[in-house]
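Encoded as structure tokens, the structure appears first; notes follow it.
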Amino acid sequence: MKDFCVADLNATVSLNGFPCKPVAEVTSDDFFFDGLSKEGNTDNPFGFAVAQGNVLSFPGLNTLGISMNRVDLAPGGINAPHSHPRATESIVVIKGKVLVGFVSTSNVYFYKVLTVGQMFVIPRGLIHFQYNVGHSKAILLTAFNSQLPGAVIVSRTLFASNPPIPNQILTKTFRVDDDVINSIKSKFA
Amino acid sequence: MKDFCVADLNATVSLNGFPCKPVAEVTSDDFFFDGLSKEGNTDNPFGFAVAQGNVLSFPGLNTLGISMNRVDLAPGGINAPHSHPRATESIVVIKGKVLVGFVSTSNVYFYKVLTVGQMFVIPRGLIHFQYNVGHSKAILLTAFNSQLPGAVIVSRTLFASNPPIPNQILTKTFRVDDDVINSIKSKFA
Amino acid sequence: MKDFCVADLNATVSLNGFPCKPVAEVTSDDFFFDGLSKEGNTDNPFGFAVAQGNVLSFPGLNTLGISMNRVDLAPGGINAPHSHPRATESIVVIKGKVLVGFVSTSNVYFYKVLTVGQMFVIPRGLIHFQYNVGHSKAILLTAFNSQLPGAVIVSRTLFASNPPIPNQILTKTFRVDDDVINSIKSKFA
Amino acid sequence: MKDFCVADLNATVSLNGFPCKPVAEVTSDDFFFDGLSKEGNTDNPFGFAVAQGNVLSFPGLNTLGISMNRVDLAPGGINAPHSHPRATESIVVIKGKVLVGFVSTSNVYFYKVLTVGQMFVIPRGLIHFQYNVGHSKAILLTAFNSQLPGAVIVSRTLFASNPPIPNQILTKTFRVDDDVINSIKSKFA
Amino acid sequence: MKDFCVADLNATVSLNGFPCKPVAEVTSDDFFFDGLSKEGNTDNPFGFAVAQGNVLSFPGLNTLGISMNRVDLAPGGINAPHSHPRATESIVVIKGKVLVGFVSTSNVYFYKVLTVGQMFVIPRGLIHFQYNVGHSKAILLTAFNSQLPGAVIVSRTLFASNPPIPNQILTKTFRVDDDVINSIKSKFA
Amino acid sequence: MKDFCVADLNATVSLNGFPCKPVAEVTSDDFFFDGLSKEGNTDNPFGFAVAQGNVLSFPGLNTLGISMNRVDLAPGGINAPHSHPRATESIVVIKGKVLVGFVSTSNVYFYKVLTVGQMFVIPRGLIHFQYNVGHSKAILLTAFNSQLPGAVIVSRTLFASNPPIPNQILTKTFRVDDDVINSIKSKFA
């Protein structure tokens, strides 16, 4: 209802969203974020890095309903299947060649290989992924219509939660035996 | 903006939501739904059945922002991990003893065993499940703050979409080899 | 914007909604509510009891946009005409036989006698009631797309407010004389 | 999502809201309404008249989320207790002296006598009324944050619906006998 | 989510919107505002005065999504081109004869001369103005579907901001030289 | 309420938003847009080009609440002061060095010079601009939390509308004489 409400991340009161920094202390720097300009470290099993420009890192976004991420993918790297519980996502490739795909609730898999400057959209809450199918590093910019879209990463959610989801749930879910579940869990330990 | 807009499911125009049945044709029956009163058939590998009282089955819900489901679970039956992209869910156990759980985006697993009359809430878009831990059949009523919450069922989404998600995506996601992926896919074929 | 914001009902700051309990103190019990499992006391002139699972009794619902009530009705008992200023309501009968009805702003009365498992929907803000037309006790579960739907009970609002609405307003409203108004007011004193 | 969507009130498709008139046919007159400038006829038992500037009379309001009414009250005239299911209302007195009041869901009656130029606000969905306490005609302008706020007029809803609400509901509601109910119903027949 | 949340304008916590005054301290006066009843002082270069009934002056509007202004215009006076970033506006002329106009994003200018009791609507976010074309003082009531619509006054925004927008931006914008920009800036100093 | 509703831009029914393409005809290409990959032609007085990825060019965005633009600026080029009536904007520089600024409704000018990968946010409805302060071409990606944010370009709105805004409005607005207004109007003819 105000023009802006720069988040006071250190406020003693916890809200859904954040209280505002006093207007008198707001400067141009509050609307600026430099966290997407650096190359991410993709030296991990997924060949993946993400820098998040959401309200937690960029307090000026508070109450404004938008955020952006930078995703770096090594060749063969993957931003593994996940969903955003509170946002639609649009994706633009800045560098490289990337397969992006999502599955609808009617179980249809929609996908496309994108090159530089091409755009794709992932409807709110659906499971999707990005996979570098090129021979060099890829960079994507993603935009969300939420200041904090959240990410439900399927593999981590099911196999690495704290505390763990009991094996009997997972064996029934995937119709496999305990060995398979334990094996996957061990990778995410 | 009107009191109601009973869905005309056969309209030639397709909207996000549905056009309205002419007001002059609306009767009390349009606000009534009898699809939750019958026992579901749980004779399947998951010991699970769901009856959905959403806008597709109950057109009177159109534009009203609410819907309800009935879930039947055989002993040991599971409503496998899934998320609703467009709704928070509240659950009340009508019969039996049921473990319900969800995982937050911070990867914390919250869960509870519910008995008759007890209530649990699943925040919008998070992966959750219901598992009958009692010795007899269980029945749950679930309510959603959407007329069509949608369901992203994790196993079906990843292993049984049409067309299929390529194996290389799934092996990287779960850090397993093709055999495991093929084995799971075969169960959902 | 966060996954959840369990209400801190004792916060010194008053909001529309509630501040959040610190995330580190949130446990599974915060998403659980046991207030709907007990039979209500219907030993009153209306043969009516309600247990409310809204944010005031179930703080985990804060910011999630959903709540549920249990209504107990003795034979002949009534949940008297009322409206919810902030929610659509869906109703499922758990036990008994209940007449439910609402009136639209076009002054049409829609109604239905429901038996176990049957569902009815009351559009946002319209006056409605539930009346036990069976020979035994009735139980209903109602769901709302608001964490605090509110209830405007017509009789109480007009005849038992604090301070009272002046008689001249009420005699003009119902086109009756002071005696009728005083008589009704005396019942709600 | 567009600047405007002037309602096509004669469209064959019925929506919640209205389809848009083709942009090429939109003129300045579509954003203009002259229905509030004339004195209303208050020659009726309530000494009351209302002119409604909502989407049904002023199609340019479609999708814009606002509307305004003019209320005329003869001396002693009343805009009887009612609620708007889809809007907050603000009131400004243009002429005369008017008692305005509403009752909260906590059953508190808030009220004020307003003279020319004074403003009062009625929160969404609460029962309220306006009563001319001056010696001459009164005029009010009311604004709503909905293009079609709707009005649930308590007396008409309960005593003059079509079909009628059964007497047994109403005798239990107001704790009076059939004679009182029949007497009131006869006034609204 | 509550009936109301009267703004506590002096709270130590700053929100987008305001914390609520304790309910126990809320009185009828909190829903009342007398700031629109007095004539505005139009003795200035624009022949213009505005009295704002928004949440900052009328704390009872907090969370209710509505506000109203009174505009006074001397003969030839203007409420200069501006937009409201957070609201649609509806206008009713209380006295006089006023030209109102707005320009759509398709660059079409819609306008009308209004006399007493006539209404016009300005869609959200579009630039508009009001100009007294009569021979006597004019008064308008304007309503907004926001408790704090904000106003972006074009001339003040571009030529009198603090710090100033550099001349090179403005000369390029209007395709004029520095002298014109400096001349306009001097008028708004 | 559905996963998606790909716009049928040729539908005979006009809505605020668009009807949906039949689901059976939706393919992966509906979620893909290639209009941002090509260099824009900045050979014009503003040294400016914009490619818009909104619902009109990318029908898959319909109902999803997001869109993205590409802005090309020649050295010294400007995206002249404008506002988006329906969206917050976030900006990332892809190439070059760009001054971005906006003015709040409190008349404070916030600004920053951005280089590659840096991000800035413009709150909903405020007037802002982008100006290439580097020696080579600049490219920006902008994201909006609306499928059709609209653009109110100040100079075009005031000096080049159809029909034109009368000079007397503009001379009073900027406190200049007719010659200045006519001179500016001639540049935008």
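Letters A, B, C, D, E and F mark the chains as written, and numbering starts fresh at 1 in each.
Keep in mind that, in the parts below, a residue touches a chain if its C-beta (ideal position, glycine included) is under 8 Å from a C-beta of that chain, and two chains touch if they have at least 3 such contacts.
This is a predicted model, so every value here is computed, not measured.
Within the contact network of the assembly, the step distance from chain A to chain E comes to 1.
Counting hops only between chains that touch, chain A reaches chain D in a minimum of 2. In this entry, A-E is the pair from B-C, D-E or A-E that repeats the interface of C-E, since more than half of their contact pairs coincide by residue number.
Averaging Cα coordinates per chain places chain C and chain D 24 Å apart. Here the spacing of chain A and chain C, counted between their Cα centres, is 40 Å. Along chain E, residues 3, 13, 15, 17, 23, 85-86, 105, 123-124, 126, 150 each make contact with two or more other chains. You'll find the chains touch as A-B, A-C, A-E, A-F, B-C, B-D, B-F, C-D, C-E, D-E, D-F, E-F. Residues of chain E touching chain C in their complex: 1-3, 5, 8, 11, 13, 15, 17, 19-23, 62-63.
Interface residues of chain E facing chain A in the complex, by the touch rule stated above, are 13-17, 55, 85-86, 146-148, 150.
Of all residues in chain F, those touching chain A in their complex are 3-4, 23, 27-29, 31-38, 53, 58, 60-61, 64-68, 70, 88-90, 92, 94, 102, 104-106, 110-112, 114-124, 126, 141, 143-145.
Residue ranges on chain F touching chain E, taken from their complex, read 45-46, 76, 78, 80-81, 83-86, 101, 103, 105, 107-109, 123-127, 129, 131, 150-152, 154-165, 168-169, 172-176, 180, 183-184, 187-188.
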